[in-house]
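To keep things simple, chains are lettered A, B, C, D, E and F as they appear, and every chain counts its residues starting from 1.
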Amino acid sequence: MDPVVLFFLLGVAARLAKSDLKLPEALYETLSIYLLLAIGLKGGVELASQPLLQVAPQAFGVIIMGCALPLLAFPILRRLGGLSQANAASIAGHYGSVSVVTFAVASAYLSKSGIIFESYIPLFVALLEVPGIVVGILLARMNQNRDISWGALAHEIFLGKSVVLLGGGLLIGWACGAQGINPMRGLFFDLFKGVLALFLLEMGLVAASRIADLRRAGTFLLGFGIIVPILFAMIGVGVGRAIGLSVGGTALMGALAASASYIAAPAAMRIAIPEANPTLSIGAALGITFPFNITLGIPLYLHFATWLEQVLPR
Amino acid sequence: MDPVVLFFLLGVAARLAKSDLKLPEALYETLSIYLLLAIGLKGGVELASQPLLQVAPQAFGVIIMGCALPLLAFPILRRLGGLSQANAASIAGHYGSVSVVTFAVASAYLSKSGIIFESYIPLFVALLEVPGIVVGILLARMNQNRDISWGALAHEIFLGKSVVLLGGGLLIGWACGAQGINPMRGLFFDLFKGVLALFLLEMGLVAASRIADLRRAGTFLLGFGIIVPILFAMIGVGVGRAIGLSVGGTALMGALAASASYIAAPAAMRIAIPEANPTLSIGAALGITFPFNITLGIPLYLHFATWLEQVLPR
Amino acid sequence: MDPVVLFFLLGVAARLAKSDLKLPEALYETLSIYLLLAIGLKGGVELASQPLLQVAPQAFGVIIMGCALPLLAFPILRRLGGLSQANAASIAGHYGSVSVVTFAVASAYLSKSGIIFESYIPLFVALLEVPGIVVGILLARMNQNRDISWGALAHEIFLGKSVVLLGGGLLIGWACGAQGINPMRGLFFDLFKGVLALFLLEMGLVAASRIADLRRAGTFLLGFGIIVPILFAMIGVGVGRAIGLSVGGTALMGALAASASYIAAPAAMRIAIPEANPTLSIGAALGITFPFNITLGIPLYLHFATWLEQVLPR
Amino acid sequence: MQTFDKKILVIIGESALEKFLVRDIKPFGAHGYTVMDVRGGGEHGTREADWEGNRSIRMEVICTTDVAERIAEHVLNKYCANFSVTMFLADVSVLRPEKF
Amino acid sequence: MQTFDKKILVIIGESALEKFLVRDIKPFGAHGYTVMDVRGGGEHGTREADWEGNRSIRMEVICTTDVAERIAEHVLNKYCANFSVTMFLADVSVLRPEKF
Amino acid sequence: MQTFDKKILVIIGESALEKFLVRDIKPFGAHGYTVMDVRGGGEHGTREADWEGNRSIRMEVICTTDVAERIAEHVLNKYCANFSVTMFLADVSVLRPEKF
């Protein structure tokens, strides 16, 4: 298992054992700012050496997927889960969007396994953050005569911390290219894996408490938080293959589809769908899906990708 | 444009777009502590390999300049700006002192342009922080029978964060030399450029709000914040040349003269000249001069230096 | 003198001079989390390449020492110091446990002096944290009919920040081995020395204020805080030699025995022996012993080790 | 020393509300506000500030009884249904009545 | 607007007490609490929060007079002998009495 | 439970004032103080604590009415002309009157 995952488990164990271990708020904040910027920069640098015209159609396919996923999750949550429209829509939005850290762990896993992938995929991460959230909000507003102040919402969604940092990093990386960013490698690239480990330690502490919250919230979401990501991963793998990504890239698309946002979506949903109970969406996304993905999910999604490659060679 | 400047612009853009992006206070604090220490260490290490007797006269010239600049700024602020004695004196003090980060951006710009400079110049940065502030305070107290408690003031000025860290770093670097500091390169040297970028992101957020403050404060300072730095840069370039610095060093002297302090001076002035309105001094220093210097100013000051070299070869 | 120690002295000087310099709480917290994890990881990685069966008996000897030291300190504090049972027991516990940063400075000193040592000694650091504290608590409860809630205490002691991070780091490092940890070297190994320096700067600020506290608390502890560490160092050196460590390892055992805990012990003692006055234990541990050890103590303890090697060759 | 009676309204709630509260109070006649970061627990469970969604703030507004009550009512109606919010009012006295 | 009288109990003390206070207050009938990190000084010297052992917290509990007094007495007896603690009570009025 | 009436003086202002306030209050007879970092807005604009010059603190001092008023007057005269400061007083009751 990748060492970074062990840091996550250390955090979970410490929390479940009621350890006093607590990372300062400012550190959590700093680590997530760093990860968003670093991933953006890395992707931007790679993008700079890509013919945009080749990436554009892929990006388009990715966005389509981002819009479709919540539409699939919503009925499941509504019918099977019997959740209110607001809660179903909010959770659908979380799962329609993506988790940047899950992506980071997945890339680390692939690199460790010596599997190459399209290095500009962080672009897709940035593109996948927003559509799921927007669709989730629309689902919440569906057949309600209350109208939406799209201005305020767009602000919440596009100017949230994660979009600004990931997008900003992408732009700067793309504008400066590998050589321009080079003097910053020391901070943004060489430390990446270690910072990821530290952040996962914190995430372990956080996730462990979220599970506790969720237990009170009933068992449906426990199943949802594991089964739906697997289904979404299959879709993601299919899309990845359809847009012509390598096996590695296809696996990453699976991980992205399977992941649920815990930075951009919660912030936006709290404002856009206040009547939704955040304990449910966060409990599922952080308490169930995130741990499942970084431990068992990612290897599984790689299997999907390799399997697809075998049954359906190019 | 140097990538670090793009981080600054990202911060400005995020703030103007009213993004929620906000770096934790503790991170801002940490980054500035790091930058002050790292610049000090670097300068100290270089100083260790210099004959002090050769540097001493240069240092003397530099201090003279630090005392002269506020004396030039004061009448401009008083006469043309029609500012109160306290405000004029305080602003003069800010512009008499220097901005460590402007210096860092300038050195980065020179290195990027492949222009060498005297690597012990951080010593001059440390030396330039204090005199401008002291003269500014004297200007405020001029023809007032109220006497000054120099003890308390000296404490404020010499024991402030920036003087202690920059000076302390210089001493430690000088005492240990390159070899002694070597095991710390990883933190203090290899990460420098990246930390600078992160700090500039934060500075962008801060500067953008300062401009808003300043707009309320009238238009004179907008002009002052751009024209005076250019004039000061010419003086700085002249002094740099006079004390026999290389073209690169001369350009750095220009940037230092043009820069306005936003750490040491604001803290000291708030205590020493409380009747001065900090919105004005900070608005000009952070909102106008800092952005101007790191974007357009520094390249311009390098032109001054190269031009002087041509018209007046050694 | 090692540069990191100069950072400590800079902090002390800044504080004694009443400088405004203040590191953010979150930074202090972050640096100590980093150091505990990094030391643990480093030790774990080394441990992974050791035959555990050879280390086990050494570990056993180390634990015995950890239990013995407070039993020696207690009567000195009680008889000579005339301290209350609670205070004597608490202080004995602090000195029975160890200071992770003192260990880090000692290893840095040895590396700088080109003296090799058993690289898995961080294991002993982790093992030495707890026994001293437990014995200290028992000494406080001795001949008191009030019974101890060991459950709660065990929780305080074993789930405190430092044990969890140091132990967790050891486990992860041991589980992943050098190769697994390699991608994290950038953060956890390459930055170590610099982070240690930054932390010592903060420790200097803290220690300087502790001395002030202590001065009010009488002079006995001033002597205790220097003489007892020297005595303990001799014991530590003896134990180190007895369990067959190299000269370097023996010197480190001396430094560990001489060091007093200022993270694990204060937290545990405050809960377990609330009637003890923390000003005394912390004043001695942080205000006297820590500064003495990292400046004069460590070189002295190395002398002990080399001397022992000469008079008693293997 | 002459002092003047005012009210202090304290609003404790999710950090997400901060910018909205800052925006909302002015129109009711509040001249200022003070915010601090807090953690806590109540009917909606514990909010330990261990990640973004879990942070809380405490805002205090010194103003006239009338303004305080109108803000309180506004917050009650607009936010308390969907957000974790605790409010209370208390009597305070100030030296510069025109300031509040 | 109808308001209801309650008490606020404020406990300022060493951070080490936080988890014990959170645990202790519930049985006395407190429905919630708010905690913030503070620094300060008093009889036991200054606590500047410059390292672990030196941090302080400020907890406020809004509750009935009876609950407030019983918690205060408990804290006084259990912690004030050995820990740096400051407590005070004040009158507050709330809109939702059932909440406290 | 017997309680004793005291005053609490709350001073909200620029962080630069902290060390001066800590120094100034003792001579007036304050036995202690508590400080926390805050942000806020008022006549002098918003202070968002986004950099050094923009930080604010909130100090509370529990003491006798007399001491509170004398400190308040001192702060008003010495600092309010040039610094962003907000002050208010409130009634509190304590268990250990000798402490304040």
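Simple rule for what comes next: contacts are C-beta pairs under 8 Å (C-beta built on N, C-alpha and C of every residue); 3 or more make two chains touch, one makes a residue touch a chain.
Note that this is a predicted model, so its numbers are computed, not measured.
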item: Contact-richer chain pair (by C-beta pairs counted) among B-F and D-F; value: D-F
item: Chain whose mean Cα position lies farthest from subunit D; value: C
item: Distance-maximising chain from subunit B - centres being C-alpha averages; value: E
item: Distance from subunit C to subunit B - Cα centre to Cα centre, in angstrom; value: 41
item: Rounded Å distance between subunit A and subunit D, as computed from the means of their C-alpha atoms; value: 34
item: Subunit E and subunit F: spacing of chain centres that average the CA atoms, whole Å; value: 19
item: Distance between chain centroids, defined by C-alpha means - subunit C, subunit D (Å); value: 46
item: Touching two or more other chains - residues of subunit A; value: 20, 22-26, 190-191, 267
item: Per-residue multi-chain contacts in subunit D, two or more chains; value: 36-37, 90-91
item: Graph class of chain-chain contacts, one of line, ring, star, complete, other; value: other
item: Pairs of chains in contact (touch as defined earlier), listed by label; value: A-B, A-C, A-D, B-C, B-F, C-E, D-E, D-F, E-F
item: Subunit A-facing residues of subunit C, complex; value: 24-26, 29-30, 33-34, 37, 155, 159-161, 164-165, 168, 171-172, 175-176, 180-181, 183-188, 190-191, 267
item: In the complex, subunit D residues that touch subunit E; value: 10, 12, 36-43, 56, 58, 69, 72-73, 76, 80, 86-91
item: Subunit A-touching residues of subunit B, taken from the complex the two chains share; value: 2-4, 6-7, 10, 14, 17-27, 108, 190-195, 197-198, 201
item: Residue ranges of subunit F touching subunit B (in the complex, touch as defined); value: 14, 16, 37, 45, 48-55, 79, 81-83
item: Subunit D residues touching subunit F - in the complex, by the definition given at the top; value: 1, 3, 6, 8, 22, 31-36, 62, 90-96, 99
